[in-house]
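One chain, chain A, appears in both complexes that follow, with chain B as partner in the first and chain C in the second.
Presenting the complex of A and B:
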């Protein structure tokens, strides 16, 4: 019974051209547009290491963490934030006056002091870096011990102002690709919602015929959900193939885990569609509108239209983003990139699985013995 | 069909008792009671909005109702009465098929909701295709079929699993005389195979030809019931002016009035 329904669900989905466009082709078009729109911005705004000086006095010699941190942040390569010169106090003041450096750092009575020509973005960056190193000296020390190259990542991740202006992995485009993956996952809901609507007596004529049949709703839901999931997994595969080979997007070293998160996210999106179809009694058009609006709003909160939004929601309404599937997916991808495999990544996956199971159970319960006031 | 028509054993296949269904303040079905015995074709007649389709949807457990009891094969009918549903076939007023699936796939899909064994299902689908004369259209999509062929597909989807109780809700609306003839012949075949049928239509000559007994509904209530001959006699008896040899159409208009309905 399951396979028979699964087979026909698959046929019905694949022959719905509009559905196929919005769920399979639209994300590819979005990826192409992101690539065209943001790649130039990225090239023009690529971060250039900032010329600074450190006053190399007796106080500086006591600041072991700062010494190591600045050495790491000044090492040549993609991670380089600073060109650092180590000068005397007079030498640093002269270099600043001659505009050879943007600012210099000096320790007085154990406290860092920054002297700059003017208060611009570069000065803000230096101040942020110094503050973060001071505040998180233990974390910094741990990173320096294990992998000094990750220090730049930590600084950028903790200082949102730096995120958009520095290295390629933190570019606008990568953020957009992450949210695009989330959007594609949630768009699976469009397919599953349509699939379940076909079986509802108040949604379609064929649904009435299905509703009077002896097939329990749970089988119809599970077969519709499985077929929808399979189609959207194919959609994800298309998106990854296109972005990796066509647009040369680098998803990092843990691609298998990126895939795992995407597959779980896709399942959550599929379940979300089943939930909307089974729990909200409005017209099919209204349900479609609701699905698109909720998916896009979720992606918006997760940073699709600007990473600042994610930061603002994370800071002020953390629960909202902890329950937002789009954020759980994008956040998992960020976490994966910054920290490799970490607790946050697995926590996001577990939350997605729990949300999925809960809404599938609610959906089956809602449809179990459904009768209508009118048809 | 599993049950061959047997004139000696007339069990009540369907029993509706005091059924009442309101749409907000309006009574759509008002304290309706009737029964259909095994092998019988019952005609449900009534003007638009008289409660025919609502009654059928309540019987099928699609609609909630305020009061009454519905028993099919002696069992109460509920949304979870899966064993009962297995014995029921429905041909809805509107064509209820999937536009994306071929004729064969549509019948196979709906039949698959009742019959899980693939070989048995295949045989039943072929039989249904043959019965409604769609064998050569098996690969066509519904949009490629004429109105009459679509109606026949609609019937095939409802009866392929060979139900014992069939509801036909105006199955011949908007079809040409040839297709109508074919559909009526099919219904007779189903009856001859032992099915019990509840049939609604606005075409009086169809009802007269097919139905063993007729119930005329108006405003959700039964206003008359009996065989065609009994109903004709009823009108003859109550008519002030002498009605000579009334047709069923005359009976219907006499009982339900001649004013237009919404």
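Presenting the complex of A and C:
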């Protein structure tokens, strides 16, 4: 009986093209759009040597320290800061006007002066570098004045002892894809809701026929939900395949745990659909609208429309995100990517399981109390 | 009038969708942090920095913390390591400096104490690191010839040197950044809301039973089409006017300027294009399920690929090149050009007008395609 109904439910789901579009195709389209739009954002933040000019006048010829420093900082290699052109004052001004350079440096009465196109990080970096080069001569003069014997020691100084303890995975655009996984998991609710609606006497004619049939309703609902879950897991598999092999999304080193979280997330989505179907007595369209609105709002809080939102909610309204299934899935994936396996991942998964169990219990209670004298 | 009333009923039944798109637009426009103040003087960029100091804030340690605070924007975070790591990942801070407990004593003893840093690896993080190494290198140099007091005095004197910076142009150019962001983002609600509504209207009137009843009624199909076009046109005009009014509420001064009015004009032409596109799509789809899918794919696709959500300059070259085949690209590019124009001379206006002409060209193309489709479809009824 179970397998027979499972097969029918699977056929019904696969024949519903609108449902298949939203649960299987839409996440893939979104992933592609995310990739096209976000793939360059982080590259644009990486430091690239900036184009500047130096006004090569008589004053510049006297600045030996600056000449050597700019030659070194413009030499090709990992430490390169500038692409430096040496131009006349008019040439530098024209290059700035034509946006060929960010700024130019010239010396007037022995003092450096920077002319920049606009405020910004590049101008600040150039200013800092010019100030640092200028400081060198001050330092040398001060040492010569106080203790010339230490001048040799100055040359032998070690660089400051900085230990870089940055974590290796810092790509914040990954969180956008994680919210997409969360959305796909929660969209399982759309399929399960449609499946349960078919068995509800107040929703359709087939529901009325089911209500008077001798077949135990638990088997019908269980077979419907199993088929829904299977279809959504297939959708998730498609999304993972596409994002990993097509878009090179990094899910960290523990893919088995990524899968575990996604399967639990899918279960939560399925349970969420049953909950909406069994608890709210409105039309099927209204239920679908509610499902999409709640899923999207959850994804919005989890950072789908901008990851800053997730951080703001996490730090200011932590309880809201700790009860938000979309965030629990996103945060679990983030924890695996950024922290490797940690307490945070397990805490997310346990909370998700508890929420799922609670809404399943409420849904069962709602479904069991359904009784009709007439329809 | 009967047809127009039916139109208004359908509009009323689906108003929630329009309100939802509008709320998203207003939400993003208000919370957009870009300000439109005109800066005429140079201001250093200050990276966001968090300091974890295990030493007492005295002597060299206190001076280092003070200097880092002057050069950077200090961000306070919760004490635990996870909060600091989260803040780095979500770019709440660009750089974290952890000063060890015995830093001052070790430094004064001539050692090179280890400072732990964490970085986002971007421009701001590099700048923050430059301020840290600059201080430490100078301090180590002066340590060779001074005691702590002398060293701090020399450091203060040297670090006070300031290089003059002159700005060649004001930044931002015309204080229109927030308005440009709003009008760029408008691409999404205009496409999603406009296409959704027009498709829904036309599909309702194209349902086979309704279409057959109209065919046998005394009202000619041409008149029905004229009324529907007028009603949809009025709806789009109403939608556009509401969005324009919202832009005036959000940034009144910017919108009242000449470039602000160019933004309004550009969005008006784009509204015509969206209306024409919606008519075309309504003639392409046959059911509401397909319509929902197409609306979302067209609206989200155009917005992602043409710079409505992510600025055009951040998009990969290939995506930008592809976006040229979509009207949204020319609309958003015109907005950007209006935002960057220093003065509205012919040389600045010509490329903006060219973009507007391309959008009008797309509108004409959509109208021609719609008429061809309609001609083919009339035979099916």
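We adopt the following convention: the second predicted complex is superposed on the first by the 244 of 375 C-alpha atoms of A that agree within 3 Å, B and C clash if a C-alpha of one lies under 4 Å from a C-alpha of the other, contacts with A are read in each partner's own complex, and residues count from 1 in each chain.
Note that in this section contacts are C-beta pairs under 8 Å (C-beta built on N, C-alpha and C of every residue); 3 or more make two chains touch, one makes a residue touch a chain.
Not measured: the values here are computed from a predicted model.
In the superposition on chain A, A:112 makes contact with chain C only, while chain B stays out of contact range.
In the superposed model, A:96 makes contact with chain C only, not with chain B.
In the superposed model, A:124 makes contact with chain C only, not with chain B. After superposition on the shared chain, chain A has more residues touched by C, the comparison being chain B against chain C. Of the two partner chains placed by superposition, only chain B is touched by A:201; chain C is not. Contact with chain B, but none with chain C, is seen for A:372 once the two complexes are overlaid on the shared chain.
By the touch criterion defined above, A:287 lies against neither chain B nor chain C after alignment on the C-alpha atoms of chain A.
Applying the stated contact rule after C-alpha superposition, one finds that A:68 touches neither chain B nor chain C.
In the overlay built on the shared chain, the residue A:213 is in contact with chain B alone; chain C does not reach it. Across the superposed pair, chain B and chain C touch chain A at no common residue. Residues of chain C that touch chain A in their complex: 28, 39, 42-45, 82-83, 85-92, 98, 112-124, 126-127, 129-134, 136-138, 140-142, 144-146, 154, 158-159, 161-169, 171, 289-290, 292-293, 296-297, 300-301, 304-305, 309-310, 313-316, 319. By the touch criterion given at the top, residues 1, 4-5, 8, 11-12, 15-16, 198, 201, 204-206, 208-216, 368-375 of chain A touch chain B in their complex.
Taken in their complex, chain A has these residues touching chain C: 17-18, 21-22, 25-26, 29-30, 33-34, 36-41, 44-47, 93, 96-97, 111-125, 127-132, 134-135, 138-139, 142-143, 146-147, 150, 153-154, 157-167, 170, 172, 305, 307-308, 310-311, 314-315, 334, 338-339, 344. Residue ranges of chain B in contact with chain A, taken from their complex: 23, 57, 60-64, 78-80, 82-83, 85-86, 88, 90, 92, 94-98, 100-101, 105, 108-110, 112-114, 116, 118, 157-158.
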